[in-house]
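In what comes next, chain A is part of two complexes: it sits with chain B in the first one and with chain C in the second one.
So, the complex of A and B:
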């Protein structure tokens, strides 16, 4: 820069130029992502809110009032939670030890990891149909158990709660496992080695070192697993009892839209679903903040 | 802490017998045998991949042995899990517990040993004072600098008065100034507590300044075991010489050897056209040999003559106390030496080496360039 005394008077710049000068031009690269976000998320979301507030009859909130006063609709909240909470906890409980154990190098690791992740490529419809065959009254499971003389009557695992719960576990476990594995792989192995040398046995190493260090990741994973399980829809329809105990909110919305052709009510159910998920995730993350987690 | 406490945990001796570790076909540590006396500070020194960390991990119980035994005061310990050996360990990357306070980190070994809370508290305070971290007791590791974290790790490793403390390149992640400071602190702690220590490093100055005994490793094998002075003044072979600061490693031809006189001026070699008398270390099997020279043993003399190397200065660096110079002889040999006076590049010098400081080694490790490449593998 030349000295201020010799500087010529500054030319006046337009406001737009002044604005642009303050931002890095590279920020413009965000534009496509922003367009997608608005077109595919924000607009449909707002459209849904608007639809839900324009019911076929009554005031703007009458759909919301109806949802909470009609037991058929209201109970779907309970049915969804009844599947999502155990589904989430079971998935996390299965994935946690697997993720911790799968960090090391050992024979057959690749095979086990592939087997755990494979269900990702199966669509939820395929999983549902497969379970129907496998768990049905004349399916392999019941026939095997009957042949072995363990049961007289076939176990009823389809067309009810259990089939859907199993479908949630099979379809969501790979995601939960992968996410936890990435958190677990990020832990410094030397920290656990230090614990071992200084006197911690395998259980103490897990409970005092690995688990506390994994806790923040575990909370995030739990939130994701819950959202996945809460949205269960195809399996609830295929292996479940969609008019009874697996009448989840997803099914309630689907019915409203494609059986009653009440798009406004379907939107209302969807908005409530989103609100409940958001609330649960918020609670989970509020709990996370109470756990002391230094960064390094 | 009282000296009586220390005496209780003092070991008689630790013995490694032919400890071998193989991963598939590659042998990471080959028949490593070493006897360590209680209270001794032993440094394992070598370039990366020499097996020094493998030896330490075998000792810690973090790697199973493929062959061999480890005996602690007559008890076989190589089958024990790391938590059953009762050792302390310091890692290169600190490996402090990030979710625990400094005090809890230091007290970890004591908690694992179910020491009552008040006693533990007192012991933790004592150790924190020893590493000068007492004001930071309630902080978390991420609030500390690298040097402070490593001091936490050191306090953690000594808090429960382990029979053996293992250190795996504890200073490698620190900057030069801090490295020297902490090195002195480790030395002080050892002088004060007398804990038997096995220290892994690739830095010869660390090994020389800290250890009572140095084990030099290369290619998974022990090259030499000796006191710092033995290893520095009488390296067993060209590789050890190169690793211990003999900067000039040169190819030479053996002209004559004189038997009987084992220690000085027992060999005449020709090196770059100049005939020099030197000291052979070990048996020379053929006419080819490697000569190792330390910069401090090369001196300038006023005139040319027999046994004097004529050279031209290439680079002169001022080190503060003296000048470090690099020169090339008329026959193309590169020599390093120190001088109180500066020599401009291009200046002609006459260099002499005392026969007892011109070490001649059998060329078993290959020619000088090969050995130099081995040494540089840090």
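So, the complex of A and C:
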């Protein structure tokens, strides 16, 4: 997180001068952005760390100890992962075949792309409200299933885990699809054409060529999908059960800050949330390095 | 094309891979229909409810009315919420672009050491969950006495917006041929003139795309505004959330009327944006 000026200076004087000489005047244009970043992001984050280490009572780490020993707080980690991991996998699994097919030419392609991108305009609060209406006990879905005789009792899909998972899929799929589409449409078609000339069938072309070439983009997309699902906040409050099984870390942090006014604990939860998320993203990218990456 | 004709016939047929196999296409349409039906039903339930006079335990309302729209307009103070929403959105977009354009220029043109770290530092606010920096930043903003004020709402919304704008604009900037700038400089143009007459006009598409994306995000970003907004500085999405979470005290239909207004606003903005930029192509360039 170091700015260019804070990059480690070389040991000898002349080296320092040489180093500084590599900054031209254009680098100055970066200054407002760096000031902004330090003032509104880095400083608040450090302030958060400091807040979290200064609890109302107990030693500097007592908040962290409390987080892991109090089941009410600790379980929020589990609740977050329980939503984020299936949400990520489902979104990527839906987006991958669609993004790959979008490279071809067929009728209705533009329509499919627009239809998948459309939910961006809805926003998570509206999706939450819509799901409350639609999936609720007297909503159209339960009504249809009852009329068809599939169920006797209305399915309970709101106020619990399932509503939030569906909200994650609807809200995040457009972003996942768009990003993957950009990677897929950037692939060189000639490689596949060459494979086709040599007699490779569609499945062989996908598994031996398209998929390996797409893998780096797929990894980045998976990381993004996880980041989106991990931060789910409004839908967990609206369609979920924010005191029970959808009490994610985001809700735990918000509650600590603005209902209990325990800013120190709120910062603790926030810092842990950032650390856990970055750890998962790092693991995703580390896995990417372990798998074979093509050279083209 | 002569080379293609020499390919054996059975391979040549397979060669037309612009077109996926029929069963694959059918599967895609079925999946899309499944997704689309539920999505449309979700939206339609909000839409129908906002026009519903009476709707108890039937497929459709038994009577229709427009009064929820006028009621939600006064009940939720939308005459104040809407201007605040647009003001916050516009200021966030303008300030972000003012900071991001020079920064993107520097990142695209300069080969300075430590550029990698700057990019990483810029990616952080985009990837960590908003609530993680939102809570400490909101605490700071309240500490400064800016809580509940417009300036606080604007500041907190800038945090994800500026890095996002820089990261998306940099590839657009890289696509501009530096030789054009060199030529202008040889002819005596100053940096400010180069920016005004060359960089900004060439960047028009990128600026428009980023501006619209920032606006939609600023209008839709719930968590951050929610943390610092007071009664006079609520944006539409936060007012909507309070209405939803206080349901029971509110009439369900007037909440949905507000939700419809919110959706219509966003939809109009995006429809306007997509006339100018193709999102898929734009993402392809930015990655």
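Throughout what follows, the second predicted complex is superposed on the first by the 271 of 296 C-alpha atoms of A that agree within 3 Å, B and C clash if a C-alpha of one lies under 4 Å from a C-alpha of the other, contacts with A are read in each partner's own complex, and residues count from 1 in each chain.
Convention: contacts are C-beta pairs under 8 Å (C-beta built on N, C-alpha and C of every residue); 3 or more make two chains touch, one makes a residue touch a chain.
Computed from a predicted model, the values in this text were never measured in an experiment.
Of the two partner chains, chain C is the only one that A:274 touches; chain B does not reach it. In the superposed pair of complexes, A:191 makes contact with chain B only, with no contact to chain C.
Once the two complexes are overlaid on the shared chain, A:57 sits clear of chain B and of chain C alike.
By the touch criterion stated above, A:199 is placed in contact with chain B and with chain C alike. Once the two complexes are laid over each other on the shared chain, residue contacts for A:34 go to chain C alone; chain B is not touched. By the document's definition of touching, of the two partners only chain C reaches A:47; chain B does not.
Of the two partner chains, chain B is the only one that A:213 touches; chain C does not reach it. Chain A is touched at more residues by one of its partners, and among chain B and chain C that partner is C. In the superposed model, A:152 lies in contact with neither chain B nor chain C. Of the residues of chain A, those at positions 193, 196-197, 199, 201 touch chain B in one of the two structures and chain C in the other. Residues of chain A that touch chain C in their complex: 1-4, 7, 19, 22-24, 26-30, 32-34, 36-37, 40-45, 47-48, 51, 94, 97-98, 101-102, 104-106, 108, 112-113, 115-134, 138-141, 143, 170, 173, 178-179, 181-183, 185-186, 192-193, 196-197, 199, 201-202, 205, 217, 223-224, 227, 230-231, 233-234, 237-238, 250, 253-254, 257-258, 263, 266-267, 269-271, 273-274, 277-278, 281. For chain C in complex with chain A, the touching residues are 7, 11, 14-15, 17-21, 24-25, 28-29, 31-32, 35-36, 38-39, 41-43, 45-46, 49, 57, 59, 98-100, 102-103, 105-107, 109-115, 117-118, 120-122, 124-125, 127-140, 155, 158-159, 162-163, 166, 216, 219-220, 222-223, 227, 237, 240-241, 244-245, 255-256, 259, 262-263, 266-267, 269-270, 279-280, 283-284, 286-287. Interface residues of chain A facing chain B in the complex, by the touch rule stated above, are 188, 190-191, 193-201, 204, 209, 212-213, 292-296.
Across the interface of their complex, chain A is touched by residues 60-62, 81-83, 85-89, 91, 93, 95-99, 108-109, 112-113, 140-142, 153, 156-157, 160, 166 of chain B.
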